[in-house]
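This report concerns only the one structure given below.
Labels run A, B and C following the written order; every chain starts at residue 1.
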Amino acid sequence: MNKLRSGPIVLLTDFGDIDPFTGILKGVILSINPGAVIVDLCHKVPPQDISCGAFMLDTAMDYFPKDTIFCAVVDPGVGSSRRAVLVETCDYFMVGPDNGILWQAARRNIIKNVVHLTQSLYFLSSISQTFHGRDIFAPVAAHLSTGIQPSALGDPGGELTRLVTDEPAHVDNGLILTVRHIDTFGNIGLNLTWDQFKPFLDKGFCLQVNDKVITGYYQNYASAPEGRPFVLNASTGYMEIAVKNSHAAAMTGISRHDKVLLTAK
Amino acid sequence: MNKLRSGPIVLLTDFGDIDPFTGILKGVILSINPGAVIVDLCHKVPPQDISCGAFMLDTAMDYFPKDTIFCAVVDPGVGSSRRAVLVETCDYFMVGPDNGILWQAARRNIIKNVVHLTQSLYFLSSISQTFHGRDIFAPVAAHLSTGIQPSALGDPGGELTRLVTDEPAHVDNGLILTVRHIDTFGNIGLNLTWDQFKPFLDKGFCLQVNDKVITGYYQNYASAPEGRPFVLNASTGYMEIAVKNSHAAAMTGISRHDKVLLTAK
Amino acid sequence: MNKLRSGPIVLLTDFGDIDPFTGILKGVILSINPGAVIVDLCHKVPPQDISCGAFMLDTAMDYFPKDTIFCAVVDPGVGSSRRAVLVETCDYFMVGPDNGILWQAARRNIIKNVVHLTQSLYFLSSISQTFHGRDIFAPVAAHLSTGIQPSALGDPGGELTRLVTDEPAHVDNGLILTVRHIDTFGNIGLNLTWDQFKPFLDKGFCLQVNDKVITGYYQNYASAPEGRPFVLNASTGYMEIAVKNSHAAAMTGISRHDKVLLTAK
C-alpha cells in the first residue's frame, strides 16, 4: 500500500449527488493511492457556475491543513481547448480546469508554480470528452498525493486564467450589490465585505431588497427579532441578509444573481 | 502525524449540502488530527430542529463503536449565552450546544461527566458569532480525538439542558400521536414505541390519518398489499405508517408535526 | 485495531440523505473493522429502482481497485424470502439482496462464486424486518474486509437472480429507446451503446423526443451550439441527449422511463 505523503484530497464539484460521479472520482483516487484521505468540500455548486465554485474554494481553503490537494471541477468547457492545470501555492496544491475556478483562492494564498497538465502517463489510460474529473483531475491529484513532483505532471503553465469577480457597483450615495449565494438556511450571501459595509453601518444604512427595506444589523441570529430581515457579518467574511429561525430568501423573494441597493441614510 | 486515540468523529448537523459548511468542519478536524476518521451521520436535520437532531442521535448512537465522538450541531442560539458542552457517557463522547440536542441520547447511555467548554486554547484562534460548529465544536472534537482529556477542555458543566420530548397524549380510548419525521421513502415516523402500540394491536386498532383510516399492521413492506397505508414496527424502534413501494406521506397528505389519532376498536 | 485486508467498502443505496441510514451503516462497519475505508458511490438511486442501482454499479465498478467490496442495497423485498447474497467476481466482492441489483455488474466481471448469506454469526445480533442494510449487508461487508473467507459466511448460493434489462426495441427503420436516467445536469441517459448508435450516425439519424427532432451529434458539450438538444457519447459508455449549459430534460419535457424514437434518415 502506498503511503500518504500529502494532506487530504479535497473534492469540489458541480456533480450533485443523484449520480455516481463523485463516488467514481474516489474509486479512481483509491486505485492510485489506497491510503489517500478524501474529503468532500461540496458537490452542489450550481451546474457550470464557475464563480460560485471559486468563491467556495476561496472561503473554505484556509480551514484545511498545509499540503492539502484541492481538486475543483466545474468544467463547462470539458473536451474543448481549455487547459488542465495544477497550481502550487504557498500552502496548497490545486488541480482543475484553467477556467478561473482556481484563480481567486490561488492568488490569495500566493501562486508559486503553475503546471499545464500534459503528461498523460498520470491520466487514466482512456480519456473521455466529457468527464475529465474522472479521467484527468482525480488521477493527477492521486498521483500528487503519492509524492509525484508537480514538474513531472506537465509543462510550465504560465499565467492562470483570471476570474471576473462581481464587485459592488458604485452609484450616488451607495452600492449596487449582487446576491452571490442562498445557503441552506435561506440566508442571502452578498458580494460585500465587512470593510465595505462598515462605513454604511456607522452612518446608518438602508438596504433595498425588492419591496422590503432593511435597516437592522445584528451580530448573530439569536439576538435579532423574529420575522424581520437584518444584515449580519457571516462566517465567510462577507455580509449576508438573514431572518431569525426563518428563510430570508423566501421571505424577500430574492434569488441568486439578483441585485440589491445599499445606501447611507 | 498524530495517532488516532479514539473512535470516529461523527458529524450530525442541519447544514445541508449546498454549502461547503460540512467540508470546512472536516478541514478543521484534519488540521488538528490528520489521522481522524470522520463519518457523516446526517446533515439534513431540518433547519433549527433540535428535537429531530436529538432523535436521530438517539436512534443512531448504539450502532457506533465505543469511544466514538459525536459532534452534533443544530444551533439556532449560536452566539447567544447558550453554553457549549462536552458530555462523557458510558460509551461515548458528545460535543455540541447545550440546547437539548445531546440530552436524550446522553441520558440513555448514562451521563458520567459534563464539561462546559471554556478553554479557548482548544478553539480556533478567531471565533465567529455565527459558526461555532467550525470554530468551537469541530476543533474540540478533534483535540479530544488526539487524546486530550475532557477535564482540560473546560469547567465542570453541571446539568445538561433537557429536551421537551413529544410524548403521545392520552384521550378517551386512545392516543394523539405526532408525526416526527418523513423519511426518504415517504414513510411516516410516529412518536409511538412498540410497547405503546402493542395493546392497541392486540385489541384491534384504528389509526385516523387525515381522511384515511388505517387498520392494517404488517411486519415488513414486502408482505403488505400495494396501495394501502399500514402500520409497521420501523427499524428505529418506533412505529411508522408506510405504503408498499409508494410514498405514504404524499398519499395521506401528512406532514411533519401533524397529529394522528390512534384508538382501539 | 483490525488491519484492513481488502479494498474499500463501497456503499450504493436508495437511502437518500435526509435520514441517518447511511451514517448508521458506517457505524456498523467501523464497529467491526475500525480500519475500514468506506466510500459512498451514490445514495440517491430512486426508491426501490433496482434497475437504476444495477446500472450505476455496472458503470462505476471498473473505476475501483481490485478487492473492493460493493455493498448494494436497493431492497424492496426486505424481510421477505428474497435471499441475501455475496458474489465473488474476478476482481471484486459484492454484497446485497439477490433481486437482480448485482447481476449485471457481476456477470460482466465474471462470477466466480455465489454465497447465500446464512451465517448469522456475521450479522448484527438482532435482525429487523425492514433494515437488512444495517443488520446483514453492512456487517457482512465489514467482516469480509477483516479477512473472513466468503465460504464462512454462508452456503453455496447457486445462480444469481437475473435482471431484466431494457434493451432498445426494433421497429421499421429504427429503434425505440428508453430514458434510463436524468443526471444532475439534466442530461438524458439512453439505453443505447455507441456500437448500437454508430450505424445511425453514419447514415444520418433522427431522434424524436416528444415534439422535438434531434439530428445533431457532438463529441463534447463545449463544441455544441447553445439551446439545441444534441446526442453525445456519454462517459458511461451509453449515448445521452444534452443541451450545452442547459437542462435537456426540462427543455424537452422528458422523464425517466419515457420512450424516444431513433430512425435513420
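Here, contacts are C-beta pairs under 8 Å (C-beta built on N, C-alpha and C of every residue); 3 or more make two chains touch, one makes a residue touch a chain.
No experiment lies behind these values; they were computed from the predicted model shown.
Asker: Are the two sides of the chain A and chain C contact the same residues or different ones, given that same means over half of the numbers occur on both copies?
Answerer: Looking at both copies, the contact residues mostly diverge.
Asker: Fitting on CA atoms only, what is the rotation between the copies chain A and chain B? Please report it in degrees, nearest 5.
Answerer: That pair's rotation angle lands at 120 degrees.
Asker: Please work out the Cα centroid separation of chain A and chain C, and write it as a whole number of Å.
Answerer: Here the centre of chain C sits 30 Å away from the centre of chain A.
Asker: Where in chain C do residues touch two or more of the other chains?
Answerer: 17 - these are the residues of chain C that touch more than one other chain.
Asker: Applying the document's contact rule, which stretches of chain B touch chain A when the two form their complex?
Answerer: 14-24, 26-28, 30-31, 34, 38, 47-48, 76-80, 82, 128-131, 134
Asker: Residue numbers of chain B touching chain C in their complex, please.
Answerer: Interface residues on chain B, with respect to chain C: 7-8, 10, 12, 17, 37, 39-44, 56, 59-60, 63-65, 68, 181, 183-186, 219-223, 232-235, 245, 247.
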